[in-house]
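Notes for the one structure printed next.
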Amino acid sequence: MNELIVLSDVSDGTAVLTLNNPARRNALSAELMVALTHAIESASENPGVRVIVIRANGPVFSAGHDLRELVGHEQTEYEAVFEICTELMTVIRTVDQPVIAEVHGLATAAGCQLVAACDLSVASEDAKFATPGVNIGLFCTTPGVAVSRAVPRKKAMEMLLTGEPISAGEAERAGLVNRVVPAEELEVTTRALAERIASSSGETIKLGKDAFYRQIEMDTDAAYRFGQSKMVENLGKVDAKEGIQAFLDKRKPKWST
Amino acid sequence: MNELIVLSDVSDGTAVLTLNNPARRNALSAELMVALTHAIESASENPGVRVIVIRANGPVFSAGHDLRELVGHEQTEYEAVFEICTELMTVIRTVDQPVIAEVHGLATAAGCQLVAACDLSVASEDAKFATPGVNIGLFCTTPGVAVSRAVPRKKAMEMLLTGEPISAGEAERAGLVNRVVPAEELEVTTRALAERIASSSGETIKLGKDAFYRQIEMDTDAAYRFGQSKMVENLGKVDAKEGIQAFLDKRKPKWST
Amino acid sequence: MNELIVLSDVSDGTAVLTLNNPARRNALSAELMVALTHAIESASENPGVRVIVIRANGPVFSAGHDLRELVGHEQTEYEAVFEICTELMTVIRTVDQPVIAEVHGLATAAGCQLVAACDLSVASEDAKFATPGVNIGLFCTTPGVAVSRAVPRKKAMEMLLTGEPISAGEAERAGLVNRVVPAEELEVTTRALAERIASSSGETIKLGKDAFYRQIEMDTDAAYRFGQSKMVENLGKVDAKEGIQAFLDKRKPKWST
């Protein structure tokens, strides 16, 4: 049996998770979403993993939900599908390691949500992004939760109301994508970005990623109070002490995490 | 008597509402704002209307509040003017149909707010946008409510503090405008955008537009919980069942709404 | 003794505050931050000051916290440093006058936060912006509070997770900077922007700046209710009455504030 999610070697600190159901355009079936959630959690628990990359086999990054699961079933089954989907998106935000989407081809509906939900994303020039639920009578409301927190409001509305794809360049200008590169440079660019992050202290990245998503939901005064406490907590960590001392000593730091 | 708001034919599903007081630069007098609010509500209640476009006659889209209403009156009268203005902006956000601003010439102060408050906007290359209240000692605070939710914070502050106009291109890059086209293509581009949206299921668009503006005010976890419930609600609608089945059957859907 | 903060002549309504510790790369030591906070408050209390500009001497705008204060001390001392830092950023947001950052060279960590916390910013083409705390094991969490409220979420995350600098052009596209100009035009451009703002009524700018930062934390309905009350309050001010009447009379207004 083919695995829905393939985990590549993590020798360089980067766990690469590949969506591997190209015949189904990497549809986010409940089974695949559960497998991806578990693969992320499992990679996250591996102390050697410092960054997680999500990529895909086949011409399409991901076409979103498996529509066969969204017609002719009981309401409780639908509820389960979206609960699983939200759990996946939430795990990406809450695991210790940064998660980078490496996107080629089409990322649509919940596939576009997956990109928006990652901490960072790199796209090939051919990539396209869409929330085309309106074409099938099912508004991309949950993809919109992630997309509207990544791009300006009117751009999110345009994607959601028209369902039309935007190019990688438009996605970059809007804030959905961090970098756009030729297809042949997609993997190496993503890996270089991952290695850059993997060269930092694990506990620093963990503390910072968690704090970022917490403070951004607060009003500015509360965010500063919370942020101050996190800075002080960070200074109590062994890697901060080492990092600052190394800087003052003009030498490279040695991270313990 | 000339109508302040002219409603064009809606045979294609698009109700076009034209601000029609060019001699007064389409100032948003209380009378005009009430007329526009009623015209939007009336269009919205017409089952044949799937999209609403707001455009303007004359060289200026809208110069904002009628200043004669903002000097020499009682405080209660001022309160009434801004209550009417907020009601107009709120109706745009809460009617079932998407509302598109079709902008040429100048959109200033509350006229700029009107553009920012619409779901989408299309502008001609000559269009300019400004919140110039500082020039008359009246900071554009309520326009700023809409503008600061459409564009990055420092760009909003720059517009508000300097009062200087930005070009259509700058407005597009900032997120205030979705598309910029030559003046002679403004109408056809807006109409094509409207028709694209009008080709979707009305109940899907209604559910999605409402859910979008509700979820964007929530923290991410709450937004996902709310979004999940909306996806399940959407799946219970006849048009979603038809749309998904049509997709699986590789045929065009027939919307009932 | 050299002053850490130099106040330039305010004859044109603009108080220019210069970070003046180039030998220490204008590090935001507790002493310098307190001096800058006091200088801002003092300038703000001068009735002749209508705009405040923050610039720097030497090749670096500011390298952020003085790291000697962040290693080998008691936790209460760290808490004091970040309390002082937040107070500085909060004073910038809450003083009556707009504060403009005039940035050349490097603005890193809390130095980047300082730029993000200003109402507006102008940068020379050579300027670079970074939140490089990850390089020393100390995530830029508090700088991230300001940066993530100025730029799109994924761009903020990229800066925070990689620590790599972005160019002035990237900073402008992301929303961190309002204008980018050749180094030799930096001062004159910033001064022209300041003079533009200084030509407006002081009480109008004060009311508007305060209202802007309050409404942006609210949900849209609450923001409109609050904004309406501020518009009515603004109309009761002498400068609004003068400004509107002058506009209707087609003459230049004479501000009393």
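A few comments on the model shown:
In this document, chain identifiers A, B and C correspond to the written order of the chains, with residue numbering beginning at 1 in each.
The rule we apply is simple: a residue touches a chain if its C-beta (ideal position, glycine included) is under 8 Å from a C-beta of that chain, and two chains touch if they have at least 3 such contacts.
Remember, it's a predicted structure, so these values are computed and weren't measured experimentally.
At the interface between subunit B and subunit C, under half of the residue numbers involved are used by both copies, so each side presents largely different positions.
If you lay the C-alpha trace of subunit A over that of subunit C, the rotation comes to 120 degrees, to the nearest 5. Our note on geometry: subunit B versus subunit C, Cα centroid distance of 32 Å, whole angstroms.
Within subunit C, residues 149, 152, 173 each touch two or more of the remaining chains. Taken together, the subunit A residues at the contact with subunit C in this complex read 98, 119-121, 149-152, 173-178, 193, 196-197, 200-201, 204-205, 207-209, 211-212, 215-216, 219-221, 223-225, 227-228, 230-232, 234-237, 239-248, 253, 255. Of all residues in subunit A, only 67-68, 70-71, 75, 78-79, 82-83, 85-86, 89-90, 93, 133-142, 144-145, 148-149, 152-158, 160-164, 173, 213, 217 touch subunit B in the complex they form.
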